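Order as written gives the chain letters A, B, C and D; numbering starts at 1 within each chain.
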Amino acid sequence: MPINKQALGRHIREGTRSLFRNGWMTVASVSAVAITLLIVGVFLTFAFNVNHIVSSIENDVEVKAYLDVTVDRNTAKQHVEAELKKLDGVEQITFITKEEGLKNFKAKFGEKGDLLNSLEKDNFLPDSFVVKAETPQKTEELGQKIKTIKYVKKINTGGDTTKKLFAVTSLVRTVGLVFVIGLGFTAIFLISNTIKITIMARQNEIEIMKLVGATNNFIRWPFFVEGTLIGFVGALIPILIILVGYAYLQRYIQVQLSLYFLDLLPLYPLILQISLILIGIGLFIGVWGSLISVRRFLRI
Amino acid sequence: MPINKQALGRHIREGTRSLFRNGWMTVASVSAVAITLLIVGVFLTFAFNVNHIVSSIENDVEVKAYLDVTVDRNTAKQHVEAELKKLDGVEQITFITKEEGLKNFKAKFGEKGDLLNSLEKDNFLPDSFVVKAETPQKTEELGQKIKTIKYVKKINTGGDTTKKLFAVTSLVRTVGLVFVIGLGFTAIFLISNTIKITIMARQNEIEIMKLVGATNNFIRWPFFVEGTLIGFVGALIPILIILVGYAYLQRYIQVQLSLYFLDLLPLYPLILQISLILIGIGLFIGVWGSLISVRRFLRI
Amino acid sequence: MQNVGKTYANGTVALHAINVEIGAGEFVYVVGPSGAGKSTFIKLMYREEKASLGEIFINGFHVHQLQEKDIPFLRRGIGVVFQDFKLLPRLTVFENVAFALEVIETDPQEIKSKVMEVLELVGLANKARNLPSQLSGGEQQRVAVARALVNRPSLVIADEPTGNLDPDTSDDIMNLFAEINQNGTTVVMATHNKEIVNSMKNRVIAFEGGHIVRDELKGEYGYAY
Amino acid sequence: MQNVGKTYANGTVALHAINVEIGAGEFVYVVGPSGAGKSTFIKLMYREEKASLGEIFINGFHVHQLQEKDIPFLRRGIGVVFQDFKLLPRLTVFENVAFALEVIETDPQEIKSKVMEVLELVGLANKARNLPSQLSGGEQQRVAVARALVNRPSLVIADEPTGNLDPDTSDDIMNLFAEINQNGTTVVMATHNKEIVNSMKNRVIAFEGGHIVRDELKGEYGYAY
């Protein structure tokens, strides 16, 4: 769509004016864009957070390597530690003495832990290393390698539980992705549909313009400007709503419900990502939707 | 909108004919309705299932009542059992001997359970009752009552964990409900918006009809019929998609992913509920949207 | 039929306080230069526009104070040929004409015969299945005439019904109006056609700048309106 | 200007193979009964309709085989007064007329003076800010005339430009056409106005049923077209 500056000014003026002239048609399409993008935005916010929470759950997966109790504690510890450090993909290594082990063990049982008091005299637990893999999904693999290290008597990678966990998290991720993509497409469809109908109602005008000698570009430009503005304003509204809503929700969950363990993503980088996505979709569809719809009527 | 039979026939004919005459405008509005309701439907399916899963998690909450080990096992058991049976809101009572208790205890520790073998000789665990409340949320309350029963030395209701669980499940429910209601309203808004724009484009026709002496009812009726059909067809499409998609998803999750523990709701009553909701929304908005929009132009 | 009528639209005064009385069965030409207020005068009669002052009585209706819901019943008694035709673009010629009968819940059989009869009269029976957009200007105008006449109203108002017609077709249409007038229908017609006004002598009301400047029983088109 | 032209729309034959040549600077009346094919003939010239057979040459354009993208340039050289006006409903009178100049990227200052000048000529300078819906039929028609003339095209085609005008205003408009014709512009005008054709003698092409039945240099409106 090549164009000179003077004409561009005219088209921007006309496109903007047309927004006001169409009055409630503009309101209808802007609000359709806004509400559709609001759904997309809210869902994205939700999906980003779910992904975050799921990741932190996955991150809890680790390999426990129990050392041979029949060997000298220090020899075993030093050898295994050295071997572990040689392995690829290890993020963190923590040594847990059998005393600490018992404490954790009792803590896990809560009130019932007292029942284990009798064990203190005769701590049968081994020393252990807790190893965290760089990528949680590699934990199982890492566990197999650790198993072969000398003095390591037994490992525990969570086994079936971990497998189930990963199955669930990958399902959650897949469902989320399907929802996001599905919503994205429906948003695109709904918005371009609305814009199409709006322009449809102006078919007559487009025909007249053509009959008076307007080129396709000349007709297209104001619609292009109009579509861009509709897309842009239609994206700004949900961004503002999400910005305010999310900040409020965060306060509410943490302060009112005291759900500190529900670790929401911080507002700042999140809202930026969401804004970019929404404005991207809004502009893209505003522009594309209006151009596509106008094209339909330019063949006269 | 009173009407006689002959005129009704005419209006139904005209409304139906108008659907075909408007060609792609009809396609645009039906598909807007369909895709919006598809989102609502998919989300409802999802929400119903999440609710189901959350409920079954909540159902796992129970009161463990440990009996006094210093009293004769049978005396204690009989007394406590009798007392428990007197309580309101108890759904299920299970007696667990200390031998079974140890077995469960070991099972919970998985491979590490072997480490507890030494305990077998000297089982320090008490006998216990597991009591399930009729409503999971009453568990805590029930626990307090059970605590006062003679021979009950200690109870465990999950304490903080349970509180957290209920906080999470109620959050999940609230979020779900907010999403469902939000989606419902946006669906209503989007659909009536689309219908409004479509009718908008026919403002001219409505004006002419009025000038030729048509009453408001006479003009309204065909739009009413049209709106009903659009709403109905627009609801049928997502129902079919969800029906097929859900059946397939169920097979996929259980057969391909072997996630048997992911307990999805059976297709049959679910799809019926969803269908009713979608058709309800579709019809309501189709009818209401068209009547509202026509009314705007009837004041001439 | 009217008493004091006057209108006034978004600032511009289209009609100053005027007084006209048209008896049942009369044939009246409304003439005047472009923008004189002829169409406005006509629009007041079937209440497309509401008089901003004065009183209008037609067929027993108090047009100026008619309630919203009663307007359709006023309009059903009046056949109107609009200056811009106002045909329903998505309906065929037949359906457009039939619409005026459907509105008063006429029996489908009767609609069919009546519509074909009137289309025959305006010479468009062979275009019954065309859409308005597939007609020439003059053909559209005749459809508008057909629709105005089809339910045999007691008052026919026509706003330049021959503007897009050649002299011969115009004469046919004028004869049609003369005929229904003979059968007792009141006819009010805005027109620019000097020849018609001068050859078919009838009452002439001349407007200029929103005033009635002449009202003669057997008038001519005239020069000084 | 044309050679063999003919059209044929959705089944109905509007024009049979016709041959016409109109020289630059001519003033031609196109007459004929309603539905004779006058508008179709005119629509072929500015390519609203595409000829279904034959060849049309205008201003050096091969109209019949013009590519989509070149059509606007043909139309810019032709000023058209449409039978149904075709004004843009959302633009004011001024903007409607200005549109024909904006399309050819005229300087805004120039647009303003040119538009006001032509509105003055058709007597509508005081309605420049009205929307078309706020005009009388005749006023709308004059806006259509103004738009056709504003960019001084070398060919002006007018489809019944006086159908909604009173005789006096018609004469003014006709004088305008005569004047621009004097200045070298070709004028092709479809009309039903017998008086005009007979008083301002020019070439007359008479259509009937899609055929040219008469083509006289100083013709009359005539009876047997």
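As a convention for this text, a contact is a pair of C-beta atoms (placed from the backbone, for glycine too) under 8 Å apart; a residue touches a chain by one contact, two chains touch by 3 or more.
Because the structure is predicted, anything quoted here is derived from the model rather than measured.
Hopping across touching chains, the smallest step count from chain A to chain C is 2. Shared contact partners of chain B and chain C are absent.
A centroid comparison over C-alpha atoms places A as the chain most distant from chain C.
One finds 24 Å separating the Cα centroids of chain A and chain B. Annotation: 67 Å between the Cα-based centres of chain B and chain D.
Averaging Cα coordinates per chain places chain A and chain D 62 Å apart. Spacing of chain C relative to chain D, judged by their CA centroids, is 28 angstrom. Within chain B, no positions touching two or more other chains are listed. Counting partners per residue, chain C has no residue that reaches two or more other chains. The touch graph of the protein chains shown is a ring with every node of degree two. Shown are all chain pairs that touch, namely A-B, A-D, B-C, C-D.
Here chain A touches chain D in the complex through residues 4, 6-7, 10, 18, 21-22, 204-205, 208-216, 218, 299-300, going by the rule given at the top. Listed in rising order, the residues of chain D touching chain C in the complex are 9-10, 12, 31-35, 38-40, 83-84, 134-139, 142, 159-160, 163-170, 192, 194-195, 221. Every residue of chain A that touches chain B in the complex is listed here, in rising order: 25, 28-29, 31-32, 35-36, 38-39, 42, 46, 66, 110-112, 115, 118, 122, 124-125, 154, 156, 159, 164, 167-168, 171, 175, 179, 182-183, 186, 189-190, 193-194, 196-198, 200-201, 253, 257, 259, 261-262.
Those residues of chain C lying in contact with chain B across their complex are 46, 48, 68-69, 71-73, 75-76, 80, 82, 86-90, 99-100, 102-105, 107-108, 147.
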